[in-house]
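Common to both upcoming complexes is chain A, partnered first by chain B, then by chain C.
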Partner chain A sequence: MTIDLIVNGEDMKIRAEPAERLAEVLRRSRAAPSLTIDCGGGFCGKCLVLLDGKPVASCLVPAFRARGSEVVSYEGFMSTQEAAQVEAALTAAGARLCPFCKPAYSLALGFIAENRARIGEDEALAIVSSVRCTCSDPSAVVEAARALAGEPGDQRASRAHR
Partner chain B sequence: MRIDDVAGPASLQEAMAYLKRRPDAVPWAGGTLIAADAAELGRNGAVAALDLHRIPELRHLFPSDRYLEVGACVSLNQLAALPDRRVAAPLKAAAAAVGSCAIRNMATLGGNLAAKARPMSTLPALSCVDAVLELRSPAGGRWLSVHGLVGPDGRVALPQATLVTRIRVGLQSWDSVEFRLCGGGPYPHPDAAAFCACARASTGTLGELRVAYAARALVRSREAETELVGRRLPLPRRDIDAFGAALARRARELGQGEAAVAECTRLARAYLNKLSEV
Partner chain C sequence: MSPPRGRPERLDDFDAPGTAYAAVVRSPARRGDVRAVISPHLPRDYRFITADDIPGSRVLKFGAEDIPILAAGRVAYRGEPIGLIAGPDRRRVEEAVALTRVEVDEEDPPDGLGPFDSSRLIDSLSFDDGGTEAAEGQAAATVKLELALGAVDHYYPEPQGAAAYYDYDKLVVLSSTQWPFHVRESVAAALGVRDDEVVVRPSYLGPHLDGKLWYPSFVACHAALCARALGRPVLLRLSRDEDLLYTPKRAPFEASYRLHLDAEGRALAVDARMAFDLGAYAPLAPAILKSALDAARGAYTGAALRCKVWAVRSANPPMGAYAGLAGSSALFAAERAADSAARAAGVGAPLWRLDNALADRPRRRSKAKARLARLIEAACADADYARKRAAYELLSKRRAEPGAPPGFGIGLAVGYQLNRPPRLSAAHGNPSVELTMGKDSSILIRSSVAPMDEGALELWRAQAALTLDADPADVTIAPMGTDEAPEGGPSTFSSGIGIATRLILDACEGIRERRFREALPITVKKSYRPRPKSDDGLEDASWAAAVVELSLDELEGSPRVRGVWMAASAGKLLSEAHARAGLRRDAARAVSTCLRERVGLAGGTAASYGLLRLDELPPTAIRFIEDDGLRSPGGLGELAFCCIPAAFANALAQAEGKPPGALPLGRRGWDEHDH
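== the complex of A and B ==
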């Protein structure tokens, strides 16, 4: 089947088997080369993307479910204004992430930054705990999430430009 | 997993028309459970998928003063994020306990409830709050208690070519609510289980009690619950023991393994012991 979707702001038509996972489709189409498929069961969260604005495990999303949807991967996220805020928060928290989990953590933190007006600290922690990786101390990512969820936007913006 | 046809209806009427043509179609709400168990699907040939997420009425919440009606494709994260006064506490706790946030954004209440392989985590919560379900098939619609959907073997038995479209849950308040995931591993592990209990008390007397456990079957003993209603708190040891024994008996009748029998008894006893603090 042919799937019409928007990936990182670009209209795409991708040929896919109906049961093929969105994660596989994005990797195959080179729309999200940074995306990692690890556990394949939604547990590790390394295949996290934003589907219609919400973080989801793309290894559990069949290709047909993504028809007409908007997908943002790490590549697309890096061109947003939240990317600099996330990078600054991770640096301030001392987080050193591996290339396998950094895209997923960054997307999760970016979602928190973008929705900070309606996301409390508990929800922010629940969002980052969707990603599991042993490369670094998770408390650093948690600290970054707390900072992004709780810190007033003007302070964060000034730190990002420092 | 082999899928030979995908339908993406934009209304319930279109969905029913498709089900009339393909009664074997697999209803696909969030699809997290189906996708996680993809090897099973289509083992005996290709299947048709009925993608429900574009049907607006399945994605809405219909609140009122006395109850909340939840469209079957409302995500578990949406439920977990509702203010306490707008959702029954046992259901909110069950929704929040499922998987990770990234999974809850996809997983739906209808999909969790209607899982074919085994009872899932929201079933004991929906049982505790005596939820009522709207079922639709090409032959028409009807409302049914959640217990009417559970067969004599304690498993959800949704008829073929039938969709759960709405779940109605009363908004009565509870003085004590406990929900926990338990068993031998997280869902979709075959030995995963969930325990839910809630109670109301007034002037030191137990006014209402619900205790449900779901492993490979839904275990609940209404007779044992009724026995305890009206008793003074804290409950005496012999009453708690009798409740545990009744629940264990029910679990064995449903063919639950000894590990599940022991776990549901232990959790129920612990909950009843804690009730003295209500």
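== the complex of A and C ==
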């Protein structure tokens, strides 16, 4: 079958098997080369994309469900103004991410930055916690999430052990 | 055949024209004779590869172990590779594997570390300095513990895999490996070619916890065989679930530990028996046993020692190293015993450790002793250990009262990491570096040992630039390919990184001495030559003390870690920020491995594995102690795993009022551990 969808602002027609997941289709079509398919069960979050503006584990989304939808992957995210904010927050927090999780964390943090007016700190933490990777200091990622969610810097400093 | 585009960091980015995909056909049975392998009819471009198709050595040789690259006739564990299916379409390959039936006359092998006879014994080591027998008669009290640690996964960033393709006359293998030269030798042997006909290029490794020492060689052989059979590039990557079920884990461990105390509660002697389930094949058995035996007393070197350690064969997948072989398991036992000894002696845990650690050497002569004292004091001060411990003791006395608050506990443990890289095999080379300053004053560093992440490489560049008054942008570190780096053993042991850092600094000094007297280019080579040492290595080891505080859930009784405090001393820190981030990362994993990270060896998925989420991790404080005794950088990669699990168990013992069961605890906190 052929699926029409918008990926990173471009109209795309992608061939897909009935049982294929969105993650597989995006990788195979090279529409999202940075995407990592790891656990394949929605557990690790490394396949995170924005589907119609919401972060989803693309390995859990049947490809046909994305018909007519808009998908933003890391490649598309990097051209947004939130990308610079996310990069700055990660750098300020000292987070060094691996190539397997950086796209997913960046998208999750970008979503937090874009929606900081309506989501609180707890929800921000839950969103960024949907990605699990063992590559880096987790407290640095949490600090970046709190900064992007709008928590004042002195509150973050007093919360964290040093 | 065209080579791949670029040099991919991730195996899944391997992208050569005509790439085929491979997957593994595995044994469904734990042990038995293979009666039949029935595969579906494969299209023309697909191949089913078995042991009969291996042109060279059919086994992966490591020490005394011969590990079948593809099992033939008999299988030794569930998931053991029997065949490979490779072809141009990944989905069809996976379907073909799923449709392949393997029929085995299944046996019922004994499980785990139950009573074992000599037929299951792989190897053993024992030590007796003669003092324990006398101490048994003199002891005023004896601490007796039965301990168990279950299998946990390394959960590296990328599951195991390899890609292989021919580049003219050479086979190039892309492998996520700690030991590129072992991959090269293994693949060459399997293909029946010379070592120089195989080139290995490591892909991104990341934190590996020593889970990619030898198994990548196994997977690389599979990919290479498929590339040879198909005559095209092949990518073979295990799924995360496959990796969880079938690749090496931390070896399950059981110990019977006796610590004899004198009338003042001081450690007199240790009598320990420790057994490791190393699975169906145990290539690291000698190194694992030695590391456990060396750490059997932990920091309490004033005690006499009688110890026996066994490596036991089972029908589990091969088990092995975890954050530095098996020293952390032995240290866990020693620190649990130390806590019980403190309680028996009626003194606080910090004071007992201060009195008994490194008691065989005078304080004025032992910088390690002074260092450890400062670490214990720092960790306890940061955690407010003394006040909390006393308060929680009072609470525990009220445990049986109606309406009593749930249990709280706080535990202390110490640990160390030797700064002498272990030798895993006779062919295991020593760390070496080669530093060249070119005519344009650029600097090229070639090292047989390399840190696992870019941040650490940046530190090397910065140090070399600082020493040679150069721009860090002009310093290049050669990749770790077998055609690029000096030959050596495992490239990423934490202790080896410290040695390589020293060698680089020494090489920089060598260049600096010569640069204005000799014409450029200048090359300086430095190698680590371990001198036979009669000491135990503890004086120049990296040390740490950790405190873990936890509370028990009111309803379930499961523990929630409220905080972790670590004080560490690892010699010269090139970047405290980088070292702190690394220890925080490791501390988070160490806590996670105490809780829900249980490997269901009978079946399980990544979703059921239990890796903690970011929002479940406790706040963690790390403090570094300035060290006047250690001028060189030491290793840090094992420290968190050497002390946090024991500190966790000591805290849990206080909270529950009884010795904790096996770790990890499992989802409900009270499940019996199953091997």
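Methods note: the second predicted complex is superposed on the first by the 150 of 162 C-alpha atoms of A that agree within 3 Å, B and C clash if a C-alpha of one lies under 4 Å from a C-alpha of the other, contacts with A are read in each partner's own complex, and residues count from 1 in each chain.
Just so it is clear, contacts are C-beta pairs under 8 Å (C-beta built on N, C-alpha and C of every residue); 3 or more make two chains touch, one makes a residue touch a chain.
All values derive from a computational prediction rather than experimental measurement.
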| item | value |
| --- | --- |
| Side-by-side fit of chain B and chain C on chain A, or clash | fit |
| Chain B versus chain C, judged by how many residues of chain A each one touches | C |
| Partner chain(s) touched by A:54 [first = chain B, second = chain C, both, neither] | first |
| First, second, both or neither for A:129, with chain B first and chain C second | both |
| First, second, both or neither for A:27, with chain B first and chain C second | second |
| Partner chain in contact with A:65 - chain B first, chain C second, else both or neither | first |
| Chain B versus chain C as contact partner of A:92, first or second or both or neither | neither |
| Chain B versus chain C as contact partner of A:6, first or second or both or neither | neither |
| First (chain B), second (chain C), both or neither touched by A:42 | both |
| Chain B versus chain C as contact partner of A:84, first or second or both or neither | neither |
| Gap in Å between nearest CA atoms once chain C and chain B share a frame through chain A | 5 |
| On chain A, the residue positions that both chain B and chain C contact, one per complex | 17, 41-43, 126, 129-131 |
| Chain A-facing residues of chain C, complex | 9-10, 12-13, 91, 155-159, 204, 206-207, 239-241, 453-455, 563, 565, 577, 580-582, 584-585, 588-589, 605-607, 609, 611, 613-617, 619-621 |
| Residues of chain A touching chain C in the complex | 17, 27, 33, 36-44, 94, 96, 98-101, 125-126, 128-142, 159-162 |
| In the complex with chain B, residue positions of chain A that touch it | 1, 17-19, 21, 41-43, 45, 48, 51, 54-57, 59-62, 64-65, 67, 123, 126-127, 129-131 |
| Interfacial residue positions of chain B with respect to chain A in the complex | 1-3, 6, 8, 28, 31-32, 35-36, 38, 42, 49, 51, 53, 77, 81, 99-103, 105-106, 186, 188 |
